[in-house]
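The following pair of complexes shares a single chain, chain A, combined with chain B in the former and chain C in the latter.
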Partner chain A sequence: MRIFITCFLALIISSSVQAVTGDETIRKMDSNMTFDTAYIESRMVIHVEDQIREKRFISYSKGRDTGYSEFISPARDKGVKYLKLKDNMWIYMPSVEKTIKIAGHMLRQSMMGSDISYEDAMESTKLLDKYTATLISEETVTIPYSTGTGTVNAKYNCFVVDLMSKVKEVTYWHRRIWVDKATYVPVKEELFAKSGKKLKVQTLGNVQKFDDRYYPVYYTMKDLLRANSLTEMFITKAEFNINMPSDIFTERNLTK
Partner chain B sequence: MKKTFLLMICSCLFILPASAELDIGGYYKNELANINDRYGHGLSVDVNKLRLKVDYELTPTINFHLEPEYVSLLNQSSVTLADVSKYNEVVWDRTYVKINFPDADLTVGKQRVAWGTGMVWNPTDVFNPFALSFAVAEEERRGVEGVRLSVPWGVASAVEYVVLTDREIERAKKGFKVKTNVNNYDMSASYVNLGGDGYQFGFDTAGELFDQGLYAEGAFVHPASGNTYKKLVLGWNYTLENSVGLNAEYFFNGQGALYSNDYDWASLLAGEIHQLGRNYCYFGINKMLDEITDVRLSFLSNIGDGSFIIYPAYSRNIFQNVDLSLEAMFPGGSEGTEYNPDEGIDPTGLIGSQIYFIKLKWSF
Partner chain C sequence: MFKIALRNIFRNKRRSVLTGLSIAVAVMIAVYLWAFFSGIMDDLFDNMIRLNNGHVRILNSNYEKRERMLPLEANIPDYLAVEKVAAADPNVTLTVGRIKFGVLLEHKGKNKPVFGTGIVPETESRISRLDQKMVEGRIIRPGQEEMNIGVALSRDLGLKLGDTLTIVTQTAYGSITAMNLKIVGIFNYGVQSVDKTTFFLPLDKAQQLLDLDDRVTEIFVFIKDMNKAPAIAKNIQAKLEEVYPNKYTTKAWQDQQILYFYMVVARNVYAGLYFLVLFLASFTILNTMFMSVLERTKEIGMMKALGMKDRQVMGVILLEALMIGTIASFIGAVWGSGISYYLATVGIDFTATFEEMGTLNFPINSVYRAIFSWGIVFFGFCMGVLFSLLAAIPPALRASKMEPTEALRTI
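Let's look at the complex of A and B:
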């Protein structure tokens, strides 16, 4: 699965050209979300009221719509694997040693008990294919991020872009994205239902430079329909544009 | 052969080369069940199960897998449980070696052969047939002794050959399955020799249409003795915008009887068949209340005789690796039906019992 690379996390790094329209801003952000290949190790921390659950997984991705992920902890989830190939997605359940095809509607369900749905994690189409973008303002926002040992308040000068759906098959009818002018990292996004109800809020932070890219290694998602919950994600290792064995993205690899 | 194979695997585990990787996990599960039989008698049963999962990677392409389990039953030794074959002794449920060749995967030993797309019923799953899979964890499916060779091609296609080794080759089940993905639909066709003159043709598919998840699975069965019959499963699932999951399944069981007077109870009680009737349906609804809490309600019915099972379940991940679930099974229907048999069929009164479960599982 192209986890968090292609979706919310990944983004841009062109710092020299200033976008002046919503389309340009999103296009810059969107095009830079796509890597030839990526390998990412992540730690997901799920907060539910006063309880915490931690999960670790690895992900490989290739292009915009090919990905593979595998949970390596905790014990109850270890060995669960996902494979996404264009419009197909499968999950491998080690407890039953069975591969199950996941239908599109199931992507609305929570991924491994987090605030993140499969759909959030695996969004693979370009935003401008589904939404009409409008630059509505420019704002300076302060967004905290965790380093794992402490919290840092980061200040960003952002373009604020509204995205309104132009197709029916979307879960989020309306999205509002804060895109950092300096790095084109989307540092905050609010997701709305057709009724106008705000469904989720996500933030990104701890932007670091990987070769010629800026990339956030911290991410949060809050599902507002759930009380007192928050999911944090820490990217602990990231490698981009690396060589990968071709058989990673096969159903066979799920059962290995 | 079984003991020799087990000895071979265990020997390998104790002769660890420096490059080998040993991974040990598993779970401990406690199931406390309170049973109210059809005569109104109460009975409490406490099942404790420790199951280890040992993976020993001899080389990157050779992996040994063991799943021994130990089950103890407290309070009532006269009760038999469907998923437990032996108590108070170690059972080597899965013991196999898997070798990944460049163009094929070979698995030899006691293993799970998971065929079919159905959630509740799997007509093509002749190697590990299972009943009430919506109520009992699928991981409890018994392994079978066999050899399996999977030859993949492309990204989602393969041919799989399976031969069971639990009896002489003439009487053993053996077959193959070809699977692929066409227009975003998983599809497979299979043929199994059931031993002797018996055979089965099967198919299954899974995909979606207009955002609805659809799947089907069928089999044409020609048993070694008796009449041929067909089995068919049609399934549907969908997730609402509020993330409530819905699932429905219809099962046509050509092996079963249309009328309750014709039910083959003897074969059911002997474990030779898993359903008595001809037509069944299943409805399930589930909702994740929060990140660690899930509720589920299942309803299964024998359409022919009107008997049914209602199965509510509440589960919560109470600690990082500890899951607690509260479940209940409420069978119903008029007397003499599949889920409410009369005294002549089941003098123990246990079939058709109301059961309340408290299940605690610690994974490690």
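Let's look at the complex of A and C:
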């Protein structure tokens, strides 16, 4: 009898915990944020000190590890193309008509002068492959987002999940993610170094419904190691689960 | 007394000539050394100022703190307006913007970390005389995707005139950027640290490459009298402060580099060397004078016995030294000035030596030119006379202290 009660209690406890574990939260978030295929048009606004730079690009993506982007403005960046295949990334520079593979120390450099590094842009593996998730609290947070014409202060009821690295070769040893309970969108994420120093903060906002999923069309990334710097991204057009030609994701397509 | 001294000099010609010769050689070496080192020092100054600093340099205050990292993001926006503020000072003769950045230059599997410098070709000729330093090809032209590289760098990477290199680097905002640059000229400053690690490209192209439109990382200011640089730097700083508070820092060449400190040390070391040579030479004089006193012990004893006073004996010997010293110093000075004049016009080529030594991070020309000046020659002459006189004092004292009876007894 006692054994039965113990087992029963254990079952209740484990199942109730399971409902809102960190793992579960991250898994749901991942599946919400990943699409089979996507076509996205974006506007990137980079604020550095007193300067504002705006860049527009289009991107195609397939799953989480295949992607292609092409910059269409300004003139300086027009025709710069990126290709991501699994853990590799290439950049095509039209000014010299050359394709350069981004590897090694270059991965941590800024992409197009933004607060986003190549590594951030390339992240393709599921978070749970590299990190152990722990639900640490539930919190209501207010995160502003820009619609391009004005700012909205959005309130989210969130799970706060801590991710600690399981493997050695990660840039962000520790991450803390605020996942909106209603939409499973990670509305805020803080990225830390092994030393505990906070490196970057990203936020997502202006969550829109696409078919049966929620997707944010506003994104910010702040690299705290850069003085007075912030990158905003506005998704101006998004199409999901569309058919796309397979030769988009080839190195040859870069030089076309 | 004068007559006695003169007679003494001519009585033992060999001895006098020997003493005179040692003085002359010492003076010659001293004059030549001084001219030679002044030449090196002046070259050092000249190169350092022209290539690295200008007389006064204007920087973004944040750039100054991390200059070793070449932080492009800490730049000078709308630099022409900043130049204008500096140029308003009546002492300023020229202002020019530059961009210095780091890049890994690759060619046929070889690579080298080098410094790219964006320059205004027309003014650069006035600053570092780039146009005169070209050994092949021509100077870069504004608006063209061209580069000038150092002769040593071209050799190290196996590059030649007409080759096109792809420069891949980061913009001021950290994104990857690339440009194809054609080598239109190869320069030789004779300064190893420059010839081995520098290439020049037009400023406008550097701005385009690095996403620094209308911006530079440093402004060189040249003034009429470079010795007034600290005061003028302060003046420009104050003016900049009015327009752009807490934004920029000005640095006079005097407080710009640790090199200046080395130069002060080097100057002192050279001055020390100079006096050492004269000091050693004075020992020879001392020795010969002692010898001549000893040889003449009997004679001095005789003179003393005949009623010559201690002071007069001393006077004779000192006068003798003074005469030899003056004549010898004059000859030495003439020789020395001849050598320094030759070195000033022709120079010594140390290029091969420096090649073997590897990169010298010291802006010294591979061809040394001495500085010829009458001041140096006159100074050398005076030193020669002074030292011969000083060296004659101990033997003269000794001679004057001799007892006539004792002296006469010697052979």
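By definition in this document, the second predicted complex is superposed on the first by the 235 of 256 C-alpha atoms of A that agree within 3 Å, B and C clash if a C-alpha of one lies under 4 Å from a C-alpha of the other, contacts with A are read in each partner's own complex, and residues count from 1 in each chain.
Note that in this section contacts are C-beta pairs under 8 Å (C-beta built on N, C-alpha and C of every residue); 3 or more make two chains touch, one makes a residue touch a chain.
Fair warning: this is a prediction, and the values are worked out from it, not measured in the lab.
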Room on chain A for both chain B and chain C (clash or fit): clash
Partner chain(s) touched by A:167 [first = chain B, second = chain C, both, neither]: neither
Partner touching more residues of chain A, whether chain B or chain C: B
Partner chain(s) touched by A:109 [first = chain B, second = chain C, both, neither]: both
First, second, both or neither for A:78, with chain B first and chain C second: first
Partner chain in contact with A:249 - chain B first, chain C second, else both or neither: first
First, second, both or neither for A:91, with chain B first and chain C second: second
Partner chain in contact with A:46 - chain B first, chain C second, else both or neither: both
Shared chain A surface residues [contacts with chain B and with chain C]: 46, 48, 53, 76, 93, 95-96, 98, 100, 106, 109-110, 113-114, 226
Chain A residues touching chain B - in the complex, by the definition given at the top: 46, 48, 51, 53-54, 74-76, 78, 85, 87-88, 90, 93, 95-98, 100-101, 103-106, 108-110, 113-115, 117, 169, 171, 193, 225-227, 229, 231, 249-252, 255-256
Chain B to chain A touching residues, read off their complex: 25, 27, 100, 105, 111-112, 114, 117, 137-139, 141, 150, 152, 154-156, 158, 181, 184, 186, 206-208, 211-215, 237-239, 241-243, 245, 288, 290-292, 317, 320-321, 323, 363-364
Residues of chain C touching chain A in the complex: 73, 166, 168, 170-171, 173-180, 208, 211
Chain C contact footprint on chain A (complex, rising order): 46, 48-49, 53, 76, 91, 93, 95-96, 98, 100, 102, 106, 109-114, 226
